[in-house]
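So that you can tell them apart, the chains are marked A, B, C, D, E and F in the order they are listed, and the count of residues begins at 1 in each.
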Amino acid sequence: MRDLNLAWPIEGVTRVPYELYAREDVYAEERRRIFMGATWSFLCLEAEIAAPGDYRATFVGDVPVIVARDLDGTLSAFENRCAHRGALICHKDRGNGARISCVYHSWTYDLRGNLTAVPFQHGVNGKGGMPEDFRREDHKRRSLRVESLAGIVFGTFAAETPPLATYLGPEIAARVKRVLPRPIKVLGTSSQILPNNWKLYIENVKDPYHASLLHTFFTTFRVNRLSARGGIVIDDSGGHHVSFSMMATDRASADYDQADIRSRQEGFRLADPSILAGRDEFGDGITLQILSIFPSFIVQQIQNCLCVRQVVPRGIAETELIWTYYGFADDDAEIASMRLKQSNLVGPGGYVSMEDGAVGSLVQRGIVGAGRDSEVIEMGGREFKSQETRATESPLRGFWSAYRTHMRL
Amino acid sequence: MFDIATQLAVERLLARYVRCIDEDLLEEWPGFFTAECRYQIIARENYERNLPIGVFFANSRAMLQDRVTALRQANVYVAQRYRHLVSSTLLLDRRDDTVTAQSNFQVTRIMQDGATALFSTGRYLDQIVLAGPEPLFAEKLVICDSRRIDTLLAMPL
Amino acid sequence: MFDIATQLAVERLLARYVRCIDEDLLEEWPGFFTAECRYQIIARENYERNLPIGVFFANSRAMLQDRVTALRQANVYVAQRYRHLVSSTLLLDRRDDTVTAQSNFQVTRIMQDGATALFSTGRYLDQIVLAGPEPLFAEKLVICDSRRIDTLLAMPL
Amino acid sequence: MRDLNLAWPIEGVTRVPYELYAREDVYAEERRRIFMGATWSFLCLEAEIAAPGDYRATFVGDVPVIVARDLDGTLSAFENRCAHRGALICHKDRGNGARISCVYHSWTYDLRGNLTAVPFQHGVNGKGGMPEDFRREDHKRRSLRVESLAGIVFGTFAAETPPLATYLGPEIAARVKRVLPRPIKVLGTSSQILPNNWKLYIENVKDPYHASLLHTFFTTFRVNRLSARGGIVIDDSGGHHVSFSMMATDRASADYDQADIRSRQEGFRLADPSILAGRDEFGDGITLQILSIFPSFIVQQIQNCLCVRQVVPRGIAETELIWTYYGFADDDAEIASMRLKQSNLVGPGGYVSMEDGAVGSLVQRGIVGAGRDSEVIEMGGREFKSQETRATESPLRGFWSAYRTHMRL
Amino acid sequence: MFDIATQLAVERLLARYVRCIDEDLLEEWPGFFTAECRYQIIARENYERNLPIGVFFANSRAMLQDRVTALRQANVYVAQRYRHLVSSTLLLDRRDDTVTAQSNFQVTRIMQDGATALFSTGRYLDQIVLAGPEPLFAEKLVICDSRRIDTLLAMPL
Amino acid sequence: MRDLNLAWPIEGVTRVPYELYAREDVYAEERRRIFMGATWSFLCLEAEIAAPGDYRATFVGDVPVIVARDLDGTLSAFENRCAHRGALICHKDRGNGARISCVYHSWTYDLRGNLTAVPFQHGVNGKGGMPEDFRREDHKRRSLRVESLAGIVFGTFAAETPPLATYLGPEIAARVKRVLPRPIKVLGTSSQILPNNWKLYIENVKDPYHASLLHTFFTTFRVNRLSARGGIVIDDSGGHHVSFSMMATDRASADYDQADIRSRQEGFRLADPSILAGRDEFGDGITLQILSIFPSFIVQQIQNCLCVRQVVPRGIAETELIWTYYGFADDDAEIASMRLKQSNLVGPGGYVSMEDGAVGSLVQRGIVGAGRDSEVIEMGGREFKSQETRATESPLRGFWSAYRTHMRL
């Protein structure tokens, strides 16, 4: 194993060296230690592979993986690399069938990654073919352990990864189930190519501090305030978090009004406020819940706009962010329309999310010449713990703590 | 049915529409639509699978006005401009004074520092009302060929 | 000679032609040609040096049909779509009911995963027969500016 | 010399580590040890520099080289890098003349790479100029040894490279001459940019196994079968190969019909079969001959469609493949038309070649996260030897054996 | 005012203009301008800030002829060709026989080795004189969206 | 500090190893030792930040920097990287104000780089906020020492950099002032993306040898000759230079007429010579002055066309060259028109500059496979010293001498 020769600042998780966003060797180690290590990654939604024989090509980190629902309904996943000469076994986005054949030489696999057929294995007209001692069983694809939670399919390459429930802890799991109480249906997909390291996007997701300062849509149209009631939940590992708030319960705040510069404009009103019409569909008054699972998965509720986000690294300075919007199988027309209109709030062009697509690149460009300099992450203290305020960077410290553990840094 | 005058009226409407965006006259943009309009930016992948949610949706001119207000007053993004190319405008259908037209488009994005890149390609599927002084979009579907958006989408397509 | 009606008829033919390809209606593609047609995709470098061999050649509509059958039934390639932009259509010559027209084109290729890239640019040099219900290509030369093809060329240009 | 610190699997040439397709240091070593080492590379066809004074800019690996026909008719080649400050001496694709001048300061060379003129060498008005002891002779461009075989011009940088005839061996040389029996003319050129390592394309060319499985055009239209008579010839070094077959002699084969999945569709017929009309122009009934010369050159006959392919690496994950189609000076109109129509079979969009442009990228994408994993190349046994079947990967094992020798791996 | 014939005459002029450049008929290029013309290539950034200096300026057809002579006889650059796409031509104004028109353009550059890249996007702001056998440019402003030029700019846009 | 393990050829500055243009580690060291080292870099023109509160985003090498004119008129500069989490503080090209806020969390700075505000520093409703011991003073941005010469603003990161006047020496400073005798105004900007290493462009600028050989506009139209009177001035460090000439004083020269190949065409005349109409505005008859300041700044006079050029590295093989044209505040209409027409001579498409945009890429492409080969820079001798001829590469040797000192090579 390579030594990264990277000295973490003595201040600990309140300092993050910028070189973590710019070094190829760090990127390679992250693939090995984090994405292919003792972590759970999002593979797909069960709704995307609902029928027996359905499969999808997906990624764990940037490693191509096939996730499938076997004919008997069980979920499975294995690396999307042919045992023969390394081609993607599945080059399609999705498919259905009992078998998947690699196009190059038609080596064929079942939906568990077993090699079931090798053309001309015994030669043609008695000539050629594989050696006598060739055993297809020796070439089963490396499979991932798969678990499903509330319709979300997760996978892990590592044997030592604890069970998903243990990995997440009860509080995070409960918050996941909260927004997936019954069968869902996919309402749409879109993706963003972010010109920055994947961890800069994760930081952004876990950062309650930036919300009202960077995203001024709600304040400009006088809809929301940072001081809305809510809080932050962080699991013991630090790697997962939930940030939630109740928009209704807005109160004025002197601190707030002094603090924010950009979001103090007044006098704007929505010409068509129907975008904000919503329903308390989960019956707890929570209008916003952002939940992140280490290393790179997000579940989001903003009013009635529900979606999952998969973060796919594409190199040290490029990341694909894949948004999948969902609703429930039993949605009525009214809530369907609410979800559609509220989808304007999020996604690549969302009123309260578009800025997130840009800040990562501002950092990636800002750190040129930073040398051994590092981030300062002290808002809300120096540890990571659940808090009642959103004036904190606690979840970031949690992330970096988990990151250091996995990377042994 | 597909007379020359209609063809050119539609092409002129599209030319004025893209000029409005490319020359950063966004305040005029909602004026290209009827009050009861429908405008959506959606990836072909979703459109062909009948999935309703894309990148932006509006079913009233007021929602388009809100988009402009938000971009001008609330949203933050690095200064950028678009350049549209529109071609192969085809009149597909005509009912009374409403024409259905399809066009191919490409949008190039130019950042403040001069960085220029192909941003989006796709087709416009338009319902255009010809009554009145200037033609207006009753519906404009912006069907992007790719589900991918580089960095973010702020200005309309 | 270069009357408005002819100009627009040619532009409409080109618009229908590229829509057929971009919307993946390849089965209709041979129908844009006369039975005794000539279609070739060739790099400018070869064309200008009078070298006969390019990327694809057909001298009958049947060969175009075979191309479509092969793409649908035999050939394997990662799912992809094109988006054409056509501009600057110029009527160069007219003999009886056959018009010679040139147009500039650009094709962008969009892969299934959304990756979008400029795929080809060049000009169409067309012999178009105006007789009959719809104009048809008696000859279509696709002269690509570059000899380079990214990965492979499957669908027609 | 750098140590690649790359342990070849103990299984030998039946295992090829995927990291060979992804490491910058391997790419740099390949330039030094293979392309600039004891190998012969294709430079151009004699027909392209037919007249005295003709020259072309070409590449040996990715190294720019000028190949020329001197005024006395002799062929020569030298590095395309100015002795002065390194500019390409020739930035044009081709030219003609007794001298070539670098555009930067007009240092001028003859067609053997001798520096013949240095502007202001003796100063202007007695001022400036080169030092007294400057000798143009000291700055002759590094030249390549050049040999021509049947109208194909080869060059090598290394003194130790054996003569071309020895390098190829009699069988390969004979097969080259077979398709170049008399003066040729160039019929066209095209190129492909392959998003994969150059060796993945070479593997594809040397792989008889994939032919009927990946390329289903002939089978779909019921024209051909893998079981057509033919065979594989490999030279002693393993680096060169010939794969040939006689399409006419098709026989049914149980093995075959069971094996192939994708190519079993039936009922399709060519609406215009004229594309298949051919002539046995070499009088031996061989309708297909693919010949590869280590490291990166291919000569191909498919019926009457003749061409050479030059493989130019453009980085670890990009390769340019240049197709040059040819016919004979004395071609009649009928065969000219056959070559034109049959050219639809090959090239970037060819009916039986287009897939080859894609599979390399499927591998390049498939090996992300492969770590120390490797290819399994056991079809047709574990050695490399000439065989009568095309159900073999023997030529690949030959290639990797030669590769290891040159790379000292 | 914006009659169909004028629209098409302007579009045809632009089509002939870009063909002249793309097909490397530069000697004909000055002939598209009046003797007392004005031609400038300038970045939007300068144009909008009223800064006079761009990439190339001429206030006579003779200066355009000198440009061609220089490119042919004096200047050295790696062989390259352009491919223009022009769209959304809008007639903005008309005084007597002079029309003001705006169009969007994109230029792709193809190097001798086949390397193809988006080279420039922007708009043409043209003063076109319709009197005489063929329309001519009295003024042609090439307003590039980006201040950046890849490597160099030799041929006109 | 990394060791580049790069042995400079024993011949010294007459040999420059090509690997300096192709190695990532060299590029990183250049940032550290040269651009962030004891050198002065161009930041902007005072005219661009004329008013109190004006600021601009610029670069030192490829490191983002903000240069500003404080409300009291003093000039300052500091790194454009937020103290919080590294975003560009200023993502706009230019602005005006007493404060600059980072968009991410609105951390706010004055125009000297002092951190003046941190939103929610003391929490919201008593919750969250920064730790008690957090001091904004501890997070002032690293500032550059700034000096202005004749309206040109320079900055340096290093404490040990000598004062600008010392750094330049009297002769260079005088030549800078010569073309900036009184208040200027900006007339336009354009930029070029050069597909080559930044040093290849600097070599070009410092190379009087190529002028008449590469740029044949003047000779083709019979306007100029290399033999025009002029000379070269180089400072003691070698890093700065001035090349100047007086076009009027042209004399025929046998050496010249023999030497040049490409520029001997005759019989061409400008159809509109007004482009050459000029004024001796500095009263000394000098019609051309190219002045370079180590490492990457150029001031240029060609007749009445005046401009500054900033060279911004964008990677080992990409460089942005930014041209800013200027005139004087009191320009009359006639000279304004002269500057406009003469601007056709220079810039990305200039008659005597366009070739400079291409030669760098010819070298970058020419050195593939060059291994340990190096440039030969012996025109005009082997030292660097001021000379009266332009048949010399003396300024290049000067540059490489200074380069070696800073890089410790």
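The criterion applied here is as follows: contacts are C-beta pairs under 8 Å (C-beta built on N, C-alpha and C of every residue); 3 or more make two chains touch, one makes a residue touch a chain.
Predicted model, so just to flag it, every value in this text is computed and none were measured.
Touching chain B and chain D together: A, C, E, F. With every chain reduced to the mean of its CA atoms, the largest distance from chain B is reached by D. Copies chain B and chain E of the same chain sequence form an interface built mainly from non-equivalent positions, shared numbers / all numbers used being under half.
When the contact pairs of C-D are matched by residue number against B-F, A-B or D-E, over half are shared only with A-B. Chain centres here are C-alpha means, and the one lying farthest from chain E is A.
With centres set at the average Cα position, the gap from chain A to chain F is 44 Å. In whole angstrom, the spacing between the mean C-alpha positions of chain C and chain E is 27. Across the assembly, chain C contributes residues 4, 43, 76, 78, 85, 87, 106, 113-114, 118, 147-148 that each touch 2 or more other chains.
For chain F, the set of residues that touch two or more other chains comprises 91, 103, 191, 214, 262, 355, 362.
All chain pairs in contact, by the document's touch criterion: A-B, A-C, A-D, A-F, B-C, B-E, B-F, C-D, C-E, D-E, D-F, E-F.
Of all the residues in chain D, the ones that touch chain E in their complex are 91-93, 103, 191. Per the touch definition, chain E reaches chain C in the complex via residues 4-5, 8, 12, 14-16, 18-19, 22, 81, 83-87, 106, 108, 110, 113-118. Residues of chain D touching chain F in their complex: 31-32, 35-36, 60-64, 79-89, 91, 101, 103-106, 108, 117, 119-120, 122-125, 127-131, 134, 139.
Of all the residues in chain C, the ones that touch chain E in their complex are 2, 4, 7, 43-44, 85, 87-90, 102, 104, 106, 118, 120-123, 145-148. Residues 186-195, 214, 216-217, 219-221, 262, 265, 268, 270-272, 274-275, 320, 325, 336, 339-341, 343-344, 347-349, 351, 354-355, 357-358, 361-362 of chain D are the ones touching chain C in the complex.
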